[in-house]
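Shared between the two complexes below is chain A, which pairs with chain B and chain C, respectively.
Up next, the complex of A and B:
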């Protein structure tokens, strides 16, 4: 049942092939800009290693970060907004599905499509053109990406819930969340580069579970039993945000049923 | 015409006050997008004293200059963009605009004043103010005149490039995706041109003249480099860019109306 939602979503996406191609070109331009910037930074420092990163480790970090980015930024908070504004929500609610889970499975179609049309090309082009390294521990990396994916899912879901309370748009809130996440998660710059006090604050927040943890595992910054400790952190955030999403959704659902959306 | 525009501004202000939360969150979000690139430089400059001969404050001046120009463009000129034009062509609004005895380009521009651009403007003024204070740049009459000319020229350059992308809508209709390429391209202005390779510097000077938005003008105010007086070229480059884009636009409309599609 839920898998049908994913399959249908992929069919819908096929109509937007060229859009995904444009996004790939955009991501590659972005990556090129950052490649030049970090080359200049390393040249300016005169050092081979900055904060434990060689230039090639840094480039690998950027490439993998640009691969995770499109996977998690599907923009489904706007889908939630659309559901609420157009009344599509009531149609979904008449079906024997849970709305948050319905949205997760719908989101999978975007993830799969993005994986094929953006992530794989970015990664393959980077391997061919610039020297990037492969994950130190692929299985652990994969697990941490998946855990981070769901932590991020609930953060975005909570942003989308704003549509139930505001007559305006979720756009501003969503962009703000994303900008804060870009810095605090290590998506833009590894947390290792920040002053200690800043990195310490970032480690207390959920954002780092999406980029910092998977990327640290990818590069072998963290190995052995410590990886397990990171998974625990991710799971704790997953549970907290999952429950929070559930409660907020329950309140929102009641609001819709009582007021009729 | 000015009276009509004033009327539209009044209407916009009324709308902003109606959705006051949206108004402030939107401005805040755009302000944040600028803050994170400042954070990026702040972190980088923890590790290096100068980047390709640019100190932290000098880089701030460089980006502040572009925030200011992008802010004016964002506030007053985003009515013309690939995704807006796509929407208007698809829903038939554009055909209606062509029936009115009024320049369609002006109609598009005047139809939209985007308050989110204030976020860019505020960031631009703050960053530029801080940087010029830290660098003890004196705002002499000559500097003020050159700054004004630079901003006018830069806004024309940004507008012309976006107009050219929007013009593509007449042929490909589904042009909203071009934004996915357009916005990453604009990121080139976030860094000094000299970090790129000669080929890209050539492109950003002669083909997509983003270098004249902030890089060449900043050289003048900061009194550096051989190309200082290229700053005076910004308004001229802006004018040339506009003439080219506007001709393409005119040709696009002619083509659009004659095919009747």
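Up next, the complex of A and C:
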């Protein structure tokens, strides 16, 4: 029944198809930019390998990273805020549904739509045109992406929950979260490039489970039994953030139904 | 056989509201004051009733509706809807009720109306045949056939509210809550909605609770009204009773052939409300004077062109109750 919410969400996305074409164009430009920039960087440095990355590995890393990016940024924290701000929450609560599950399944529609209209085309184009390498361990990569996706999902959810206490603050909070995430997750620059102490801090945070771990598996930086330890890290974060989301929702729900939002 | 479907006992609701001082001060220390939105409300509604809840803005109408629909918990007392405590069993209660907030649509803005309907079919697990049956019935009475394939954002308010109304009833709820459904609508849309509500109340025995500011809604739809003010229930009874009880004044409009001196129109229980040339407006308190006696007296003294009696309008009675209390 919640899957019907996802299905309808995808239909809704179709109303915004021009936006997705625009995003596709943006993603292509981004692809070209990172290709030129890193070619120039490697040419200028005269090195064949920088911090353990060859040019081709570097470009593969960034292309895959920019494919994960749009998948996890569904923007559903803003939908939560909209619900609270406009009272749409009341109309959802008069239905026999759980609000957070409703929102989460609605958010999936964005991911699925983005995957089909944006991420897969970009990925295929990258394979064909700029010869990015394929994942070393495809199954492990897939599992780690999915786990990272849900870790991120709960972080987005928690950001959105902020609306119950202070409407209007979600945008700023979301932006901060993304900026921290961009650096700490290895989305923009691999954690391997950072000084050890910085990378160590990043490894203690949940953000790296979204980019750093899947990308390390993709490139074969981490193989064998070590992959299993990465999964464990991801699952630990998933459980922690999952519980946290549950409790925060319970408090928010109480706030709404006791104090009227 | 009467069956109580909604019950409220000593229902009360207090809100804490922030006393704003200055933005800077509020950052450091906040003082709250308690606002009583609902005080000791008792209510029993039987199956098939059509109850109107009226009262000035902020009187507590919406608070009451929110408690009964399960999205607000009372601070004292309890409420039951079909033997469920709505705010404890929100989802179960949701299956028993239909809800329309006039100010907020439950339909998906960017999608066609029928897409939202399809989702409701899945959410409530409505059998396909029943869904189709309802869709046909509702679209013919509400005349929404032509909007089903339009995106909701392209509908006018009246069209949208009609579609919302249908949406709230696909799962055949025994109880329907309407919070200001006719707000901002034109006369035609209002009438369509009223006709529809009358029909489902009669034919399907749906119990309907409506809040409104429109006395037309009340007079046409509700037998029973509940007046709330400052969180208290100040009247609960039949609309006819309120007319009898409070509508003790009739207005007699008399057109005389010649101008009449105002001070000659003096009887016990009669007040001259206004005069204009040959016309006089007399307020008659029916407890102190009989309308027919007064007419007789007038006819015996003067020759007149025309005479007419005006019933008190519910709206005026209500206004008086808001202003002066009971």
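A few comments on the model shown:
As a convention for this text, the second predicted complex is superposed on the first by the 259 of 261 C-alpha atoms of A that agree within 3 Å, B and C clash if a C-alpha of one lies under 4 Å from a C-alpha of the other, contacts with A are read in each partner's own complex, and residues count from 1 in each chain.
Rule of thumb we're sticking to: a residue touches a chain if its C-beta (ideal position, glycine included) is under 8 Å from a C-beta of that chain, and two chains touch if they have at least 3 such contacts.
Values in this document were obtained by computation on a predicted structure and should not be read as measured data.
By the touch criterion stated above, A:188 is placed in contact with chain B alone, chain C being left untouched. Legend: residue contacts after superposition of the two complexes on their common chain; A:97 is shown touching chain C, with no touch to chain B.
Looking at the shared chain after the overlay, A:23 reaches chain B, while chain C stays out of its contact range. When both complexes are overlaid on chain A, the residue A:240 reaches neither chain B nor chain C.
Touch criterion met: A:88 reaches chain C, while chain B stays clear of it. Once the two complexes are laid over each other on the shared chain, residue contacts for A:49 go to neither chain B nor chain C.
Judged by the touch definition given at the top, the superposed model places A:205 against neither chain B nor chain C. With both complexes placed on chain A, chain A has more residues touched by B than by the other of chain B and chain C. According to the touch criterion, chain A has no shared surface contacted by chain B in one complex and chain C in the other. Contacts from chain C toward chain A in the complex involve residues 15-16, 63, 66, 69-73, 87, 90-92, 94-95, 97, 99, 101, 103-106, 108, 110-111, 115-116, 118-119, 122-125, 151. Taken in their complex, chain A has these residues touching chain C: 1, 4-5, 8, 11-12, 15-16, 86-88, 90-91, 93-98, 256-260. Against chain A, the residues of chain B that register as touching in their complex are 19, 21-22, 25-26, 28-30, 32-33, 35-36, 39-40, 43-44, 46-52, 116, 174, 176-178, 180-181, 183-185, 187-188, 190-191, 195-197, 200. By the touch criterion given at the top, residues 18-19, 22-23, 25-27, 29-30, 33, 36-37, 39-41, 43-45, 50-51, 166-169, 171-173, 175-176, 179-180, 182-183, 188-189, 193-195 of chain A touch chain B in their complex.
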